[in-house]
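Note that the chains are named A, B, C, D, E and F in the order they appear, and that numbering of residues resets to 1 at the start of each chain.
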């Protein structure tokens, strides 16, 4: 069950409106690695968690925090899209791309430069659950497999890709208010990377999961002669210079060896076509329909 | 540039047709964590790579291998969907779910149980680039950000989720031929998890990337007072028992401390609505249209 | 900012597992009119609201409640997918479709009937943010236009379609625990239909919006001679018997009259094709490429 | 069965080409609330209608009219994308953004500003069944539930959101020809809002449906103690000031009362993980694979 | 502008309900090659056509006919989902899969076998604009490029894939009423294949388009030394035995020759990474943020 | 099984960076008719092929070549997005739209004009598997039906639409390096159109498939009285002037005749609504829920 306080976790107020930047900022709200993705991923991982309570509660903590991050970004985007107070207006007047939306006279000029037209036509100056090209958020961005190691690895990824995108966006604006909020989100992503790395370590220490994941599958059932072989399919030898091509494996269970010219062993021909499905057969055949 | 040899990397021949299992196996061909996803992810990471050559070549090696895995699964699925040779036919005759497709008399009975109808109507007994519920593969399953640490973390995830799904599918069949092929894929996923973990270690040793990722963003620009704080938003104290809530951070750059009752600091109200977009205002206003 | 309590708003415990019904129940979790849709719709309407505070707070109240409904359904689905306690197990043993998942021996039989295979392969017995055919939830199911009348009308619809689907699902099970939870959701949908109808009435009384929506567009700018005309394009006269074809309009601003044989007035031909885009022209033309 | 007359329902001819506006206008052709959505929604509602004939015929009337609206918008967009006659050309010459497409010399300049590149590359100056960010139309925008009250409420919404978007687009252009056509569409949306409101009234008068929808579900089966309770989950008391929080309910069947501090009653823990699906368990367990 | 007659172009009445077959039949209503795809494709091709009038009118003829085909399939599916008259009921009683829906007692049994659950929960026994796995129709199935040869080739394909799917569905039922309607659709697909082949021939005779398409691009601008070379990238020589590997080209403008061992000529390395985007560079570099 | 050589099939190096053109070029990489579509289509057609070996090998040849085309375009796009060498830099300095990305000072100006923001935020100056509006590639762009005639017709279409788009893109740039690469791709599309046309001819000569496709369905089962009738649904007689309305059919099996006023024969009413699904009935009925 959830409750809400009418405060934002951190300030989300730009110094002046910037509808073009609002479009870009949508990426970390509704994009593949945006806040909606981590919010929904963590909530579903928590709701589906059958592991120890401390993991479940930790997942729900961060899931609940992320709802608040979605809120901060939605608020920031709505403000980037709205008319500014008078003194900001004068400052903006010298910037034709921003100023025009306030006068109301040539609002179309804004759209013509890099604004998302749906910010005017569809949401009426509000944020949208979509990314920077207007593609809607989809739940296929989320992961909740029931296996915590597989999922926490996803979570480290999400916090890395997310922090990467926010730092790029930090460099794409010089609005102090926007930069202030982004520096908050970047810091939280630093924490969350550390948080998931700690959780992975703890999973291993608790004896619940380890590499190769899932660790509860009996490894003697896999085709052991290829489980620690680096296979080189591309030309050149540079790839053999890395730790991935030889030496002790990271899972501590084998030594990796390179295979420089891997070959195939399976045949690839198919059998006969089913006549009643009208696939093209190897030889002409008589016409056939079901009774 | 790519070349092809008319062999499969490993055998992909079921002992007998099983259209219902063919539907399930689609998940690891065309699903979120299926072979098409890793094939496309690695190829695009390689093509976009601006890092050292050994990384680029390694990425292309595995990307090229994955095309062959897509091929193996496509072949296996097509065979699971096709008529069997005569002796298999007799054996199958005792299984009404499988036998019926061969006689041609009551092909609809198969579809009525758990087969994907598109395997008959659309692909004519062929594999499809879709998952186990028939949802088409989408490129939003792929990641190639230009930052190798962020991407390699995704790759470890992909090999973990992928191996997890293949082991589950291993338990969902008792066909020796299918199990044989899956044990090959499981072994390769073991190798590939190790491969990406080794690559992450090497990235750090080479001084190219580290936690927090991206490491080239100056950390003094982030809001440092929240960068190592665990915030508890959900009820209960269990989550404070983990290594994520206190102690040295995994990045070696801070010590984590818990915040048991996090509060908000930002206000959340928006400004006035733009009259010409007809959003609902705080007060009734006069009707307005552009000149 | 959001907080969470480790309780569900209402009980969500089935009397026994039923993976086939779990698939169906996904519709009201992650379908077009499921709880994720209303949760996201209301949250974004609230975050984008520039109207009076009482509307904004009311929208956020219900948006926050809906996160809890998503939680209840996710929990119920996870439980429908899991092993039951011993006494339920014995009862279920007589039902081959349900019993098999517990023994673990022939888990594939379940999938072969009506279960969603992703509930085993992808989520490991957890709920997914998808609908009853496995189609992922997409943010295009949400609406937040900035105009409260347009949006509240959507909300009444959502609570109507949602309640309709839950009552249908109520009839598709005889599990007392499931029916108990559904009767709670049905009651909340009753409240929420009333809630949005009251809000629409209040919007009109507050003079903020009315029919035709948006009411702030000057109606004298519309083509008035067709603004209150019922046009009959299909054969037969039955459609002229309704209140929509004649009499006072619902907006109180006109009288509707029927047009029995509407005709067109605009021409539909296009101009010449742009030669450099290689569209097919009316006459053969010489070959052309940019310099 | 359908027939076509080579006329448009109304004029659809811009005074001059404007490829940037053509992109925006796509929203009301192929967007969530565009003409394709209402066309397909009404046609499917009509084809699936099992209610009285007058409703069915009325739905088909408007569904058939909407095909003609799709036609008008497609024609308008194609014309906005094409070369203009000579006198318009001269006028446009002073506008570099528009003029360039005609000379053919620097067609890329257009695309660089706000044009949809697919209008050149994909459709060759034709309209596309997509929205203003190029996202394709999807049938998930449509609704046909079999319950006419639930569906008519959707239809009122569609005509409200649609009219809202067209009025916004009306303000984003100053081309008299475009404004003329939009004023026709706005008027029809006025009519259609009235039409669906009249139909809802008639449904109730005919005794077929009423609030709460669906009205044929026995209301004594819902959890009556929460069916008329307004629950406040967000901070602040402003939301209690509305008609939704107290007083007679709109359905005439209850009186609404507020609940200021709603609490949960259900527990949220899950049972044990199924070992063969390799979800993370509460305690370490032995490795397991199917025989 | 469009009109409607309350008749179907042909009978669409099954002998008895069959909800499982209804799901399959959705493929040719709302699938990639279903009737909605050709309806929308032809209508948009017609609306965007700038070629001679006879082509435009022909495209609109068939586009209008296809609306009627969508109608026939929607009606058939709705009837396959509904209760049958009494005498059919008795006949169906011996078929447990079909009989159960009529008694109303155990409607869930139907869904558990191969029915689409949305046919009950979402559409209430109505057809949906989706395919046989429930995936919604998307406008990316349509094509209208402005080049009639490219588009007519698509149309021949659509009528071929469509006819292929309908003949497969013909073999998947033994209901005389369904087979009767399908035989009508198969015949129309025969006509329409001939129609588009004739139109292609006429385009060439009229001198408007020919191979290679688009024919108005000056062929001397293409890299002529590879324009008629068959390149063999896969192992084995079987592919050289076809008319595609040698001899006169179909366009009458060149002679094809095989290249048995094609080689590459371009280098594939990229330049330096942009520091402010935090891509991984070739060498460690100093930390950087925008001012 | 696949192998890779570290060369591109042809040069892919622009004379100077052009991020705006990079966005447009994405269309033929990841759009409906882009190289990923033909790569995946041909690979799946090959893997699913049960016809003669020469067809299977030919399909795999071209499928393998297309992986290399995806590679060329991905490389070109990455280079269009990257900093240029010094001398190009000076040249570009006079073009404010291009020059700004190199200095790093005002990178946002680029995005504001026509660049895809994801090229900076998401891919870090790399190509993406998406089209020119940023819509992700989806496998619903592919076709592999098992019937070679139906599929080869699709392939001719794909090479026509693809070549059309590349020639349009050729006209949208004046960069010699880009034009050089495009002229290579255009030439290969010329070859591939010829290749598939030759393959269609050979299929017919081999007696495997012919018009109407699929030719193995017994034509006497189709409704013969409408199999060669041109039906005119739209106004005007122009459409009767084409070869499609009269004369010998292209399949050589019938003579086409026009039907100037086609009429319907089927009735379109549905039966009674199922009470427990709460669809709106023809008459008021008593409330009903399952026991």
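Rule of thumb we're sticking to: a contact is a pair of C-beta atoms (placed from the backbone, for glycine too) under 8 Å apart; a residue touches a chain by one contact, two chains touch by 3 or more.
Everything quoted here is computed from the prediction, not taken from an experiment.
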item	value
Given chain C and chain F, the chains that contact each of them	A, B, D, E
Other chains in touch with both chain A and chain D	B, C, E, F
Interface numbering overlap (same over half, different under half) for chain A and chain F	different
Chain whose average C-alpha position is farthest from chain D's own	B
Pair of chains joined by more contacts [C-beta pairs], B-D or B-C	B-C
Between chain C and chain D, centroid-to-centroid distance (C-alpha), Å	11
Inter-centroid spacing, chain F versus chain D (mean Cα positions, whole Å)	28
Rounded Å distance, chain A centre to chain C centre (Cα mean)	25
Per-residue multi-chain contacts in chain C, two or more chains	1-9, 32, 47-48, 50, 55, 57, 60, 64-65, 68, 71, 75, 78, 82, 107, 113-114, 120, 122, 124-126, 133-136, 138, 140, 145-147, 149, 164, 167-168, 170-172, 214, 217, 221, 233-234, 236, 262-264, 268, 270-273, 275-279, 289-290
Touch-based graph of the chains, sorted into line, ring, star, complete or other	complete
Touch list for chain E against partner chain F, complex	5-13, 32, 53-58, 60-62, 64-65, 68, 71-72, 75, 78-79, 82-85, 101, 104, 107, 120, 124-126, 138, 140-141, 143, 145, 147, 149-150, 153-154, 156-157, 160-161, 163-164, 167, 170, 180, 183-184, 186-191, 193-199, 201-202, 211-214, 217, 219, 221-234, 236, 238-239, 241-245, 249-251, 254, 256, 262-268, 270-279, 290
Sites on chain B touched by chain F in the complex	1-9, 30, 36, 40, 43-44, 47-48, 50, 57, 60, 64-65, 67-68, 70-71, 74-75, 78, 82, 122-130, 136-140, 142, 144-147
Chain A to chain D touching residues, read off their complex	1-6, 47-52, 55, 107-108, 111-118, 120-122, 124, 133-136, 145-149, 203, 206-209, 214-219, 221
In the complex, chain F residues that touch chain C	164, 167-168, 170-172, 174, 276-278, 289-291
Chain D to chain A touching residues, read off their complex	20-21, 23-24, 27-28, 31-32, 97, 113-114, 131-135, 164-165, 168-169, 171-173, 233-236, 262-264, 268, 270-273, 275, 277-282, 284-289
